[in-house]
Amino acid sequence: MVTPEALLVIIRHAPHSSNLLREGLDAALVAAAFGQPVHLLFMGQGIMALLKEQGSGAPGQKATLPTIDMLEMYDIDQLLVPEGALQSMQISADSLIENATLIADQQIPGLFQQHATILNF
Amino acid sequence: MVTPEALLVIIRHAPHSSNLLREGLDAALVAAAFGQPVHLLFMGQGIMALLKEQGSGAPGQKATLPTIDMLEMYDIDQLLVPEGALQSMQISADSLIENATLIADQQIPGLFQQHATILNF
Amino acid sequence: MILHILTKAPDSSAATQMQQAVGDQDAVLLIEAAVTAALDVSWDAWQQYPSRIFLLSEDLISRGLANIAEDNELPTLEMEGFVALTEQYEKTVTWY
Amino acid sequence: MILHILTKAPDSSAATQMQQAVGDQDAVLLIEAAVTAALDVSWDAWQQYPSRIFLLSEDLISRGLANIAEDNELPTLEMEGFVALTEQYEKTVTWY
Amino acid sequence: MQYGLLVMGAPYSSPAPHSALRFAHALLSRGHQITGVFFYHDGVHNASSLMAPPQDELNLREAWVELNQQQAVPLDVCIAAALRRGLMSESEAQRHGKQAFNVAPPFELTGLGQLLELQQRADRLITFA
Amino acid sequence: MQYGLLVMGAPYSSPAPHSALRFAHALLSRGHQITGVFFYHDGVHNASSLMAPPQDELNLREAWVELNQQQAVPLDVCIAAALRRGLMSESEAQRHGKQAFNVAPPFELTGLGQLLELQQRADRLITFA
């Protein structure tokens, strides 16, 4: 599933809470544009970036979903979500966009070991 | 204990974590310098500002205790600490500086009601 | 009578501290990251402050939580309603 | 083998997330606000990672927690020791 | 009623300034007055005239300037909080021997006393942080 | 060994830059090299030449400049993160029609690719945030 030379980018911050989500996704996109395989792991509030019903709130609240949709164009197709995190956020799996992949919590440490490079946002 | 025209300043952030502690204390000192009675309530990590053994860590880590010591010079003598917060931080009362005053957790809502002006840092 | 404005998630220390300060006559408004409370109907604040706790609608919508708030029958307010609350309550305290 | 650097208090979401990621061979270094963990000997990380969890000494001192860490017999490191850990562990991940 | 706003979050890094702006416009549409806005802590970054966000994002400084132009709302910036964060007016730049400045009217650098005065003059003080 | 540092916290608002600087000096005293420092997210504020903290506080920009002068450590600042936060170089100021700038050498505005290159060239990348 994961290749050693891939970059693991961890997204832990929600849309609209800080710019960490956006700047984490930017790092992922730039790495992919440079030809590096990129895997994304969503933890905690970061999972909210994958909610499919994010809409237009107030004018000027810039949406995150268009950036999430761009990931696929850059061949970033591993959007990993630990099941436990989803449960503790009380989010149902079908609220997430389609290409999110659930993983067991026990897989998290292994994921960290298998990636030579990691960026944590 | 509290007079209606007093300002309640709430300190919730620890030394060295952000500048909120320093900027909250600055607001308290300026209000006192303008002649307004000021009461301080310490909650959560903010209680760490009152630990008496804060020392010189690395060069450039600016200490908070000198500012805390200045409060008395400005007649800010109510440094209120809820007992429950102290317990949940597992700090013993004798680790705090002498002029900290313990209050019962149930007194917190009343404290908010009694002050016409509140600033929350 | 105080309006407490929470801007952080219900599991934050800001939320814990707010809950220690809310009095019997006070109201609570959840904005920004605090609207994630819509996901957690078991959050004790929902039981503690019935009929005086609200979610800011546009922050729910932008975070994809509007339908969930509706399904859970949680009370929402527009920005106008936020202003109306501040008219009604003499003091406001923001928890962040 | 990863060195996890925690910069936030043990009750933060950063700490929870870190604990989900720490592997059997990994080490943990507590710096900045994370050194408040010295107050809480019942924090499960102390039991989970014995002999591979450390507190940064100068951050303990500046926060008035050095004696408490000593009383609780918790392992501390100087900045030199922090560097030594990063030499030993190929990868580091910072939780903030 | 008279409202004072205290803004303590930086543009883009915090949603607070945008919430404050939306609240300000809702205030005006309900017929209230804004006595003043005070920028403190990381909120001082709202005043930066060098802010250049991507074109598809709201320029928050411009949004504040517009509010000032519509209703003559004073935009006060805590000078101590500003200086340590790299924000200074032309006169402060001269005092500190700097070649440039990034705080200009309608934003004004002022002391913390202004915040306490705002709190006393306004019927309501609302914090966005 | 070769170390890269990623700094994502703003001076004074976060302890991260100060931790990073202390770590950098400990690296050098143990005989390591610093391949580069990359400033991202709120860390871009470290580059501000208009920073004017009180005299009894460390001037973090000057501390970075000193590190650069001692060991020729590159100080790279993410341009996209910088522009939206009000940090720009002389050439960016011209491009954006601004009268002033607040990022000057040894700090250089650069793209995010530089961070990924730093991660690949250095034996270790340590994040301070």
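Note that the chains take the letters A, B, C, D, E and F in the order they are written out, and that residue 1 is the start of every chain.
Heads up, the rule we're going with is that a residue touches a chain if its C-beta (ideal position, glycine included) is under 8 Å from a C-beta of that chain, and two chains touch if they have at least 3 such contacts.
Computed from a predicted model, the values in this text were never measured in an experiment.
Asker: Give the chain pair, either B-D or B-F, that is connected by more C-beta contacts.
Answerer: Contact tally favours B-D.
Asker: Farthest from subunit A by Cα centre, which chain is it? Let me know.
Answerer: B
Asker: Hey, which chain ends up farthest from subunit D, C-alpha centres compared?
Answerer: Measuring from the centre of subunit D, the most distant chain centre belongs to E.
Asker: Between subunit B and subunit C, tell me the centre distance in angstrom, where each centre is the average of that chain's C-alpha atoms.
Answerer: Taking the mean C-alpha position of each chain, the two centres sit 26 Å apart.
Asker: What whole-number Å value describes the gap between the mean CA coordinates of subunit A and subunit B?
Answerer: That gives a centre separation of 39 Å.
Asker: Quick check: how many Å separate the C-alpha centres of subunit A and subunit E?
Answerer: Roughly 34 Å, centre to centre.
Asker: Quick check on subunit A: which residues sit in contact with 2+ other chains?
Answerer: Where subunit A meets two or more other chains at a single residue, that happens at 16-17, 19, 45, 58, 61, 117, 120.
Asker: What residues in subunit F touch two or more of the other chains?
Answerer: 12-13, 15, 22, 41, 57, 80, 84, 125, 127, in rising order.
Asker: For subunit D, write out the residues touching at least two other chains, lowest number first.
Answerer: Residues 9, 13, 32-33, 58-59, 79, 93-94, 96 of subunit D each touch two or more of the other chains.
Asker: Could you please specify the touching residues of subunit F with respect to subunit A in the complex?
Answerer: Interface residues on the subunit F side: 6, 40-41, 80-81, 84, 111-113, 115-116, 119-120, 125, 127.
Asker: Name, in rising order, each residue of subunit F that touches subunit D in their complex.
Answerer: Residues 1, 3, 8-9, 15-16, 19, 22-23, 25-27, 29-30, 32, 124-129 of subunit F touch subunit D in their complex.
Asker: Provide the residue numbers of subunit A that touch subunit F in the complex, in ascending order.
Answerer: Contact set of subunit A toward subunit F: 7, 19-20, 23, 26-27, 30-31, 34, 36, 117, 119-120.
Asker: Touching subunit B in the complex: which residues of subunit F?
Answerer: That would be residues 12-15, 18, 21-22, 56-58, 63 of subunit F.
Asker: Which bits of subunit F are touching subunit E when the two form their complex?
Answerer: Touch list, subunit F to subunit E: 10-13, 41-42, 45, 48-54, 57, 80, 83-88, 92-93, 96, 98-102.
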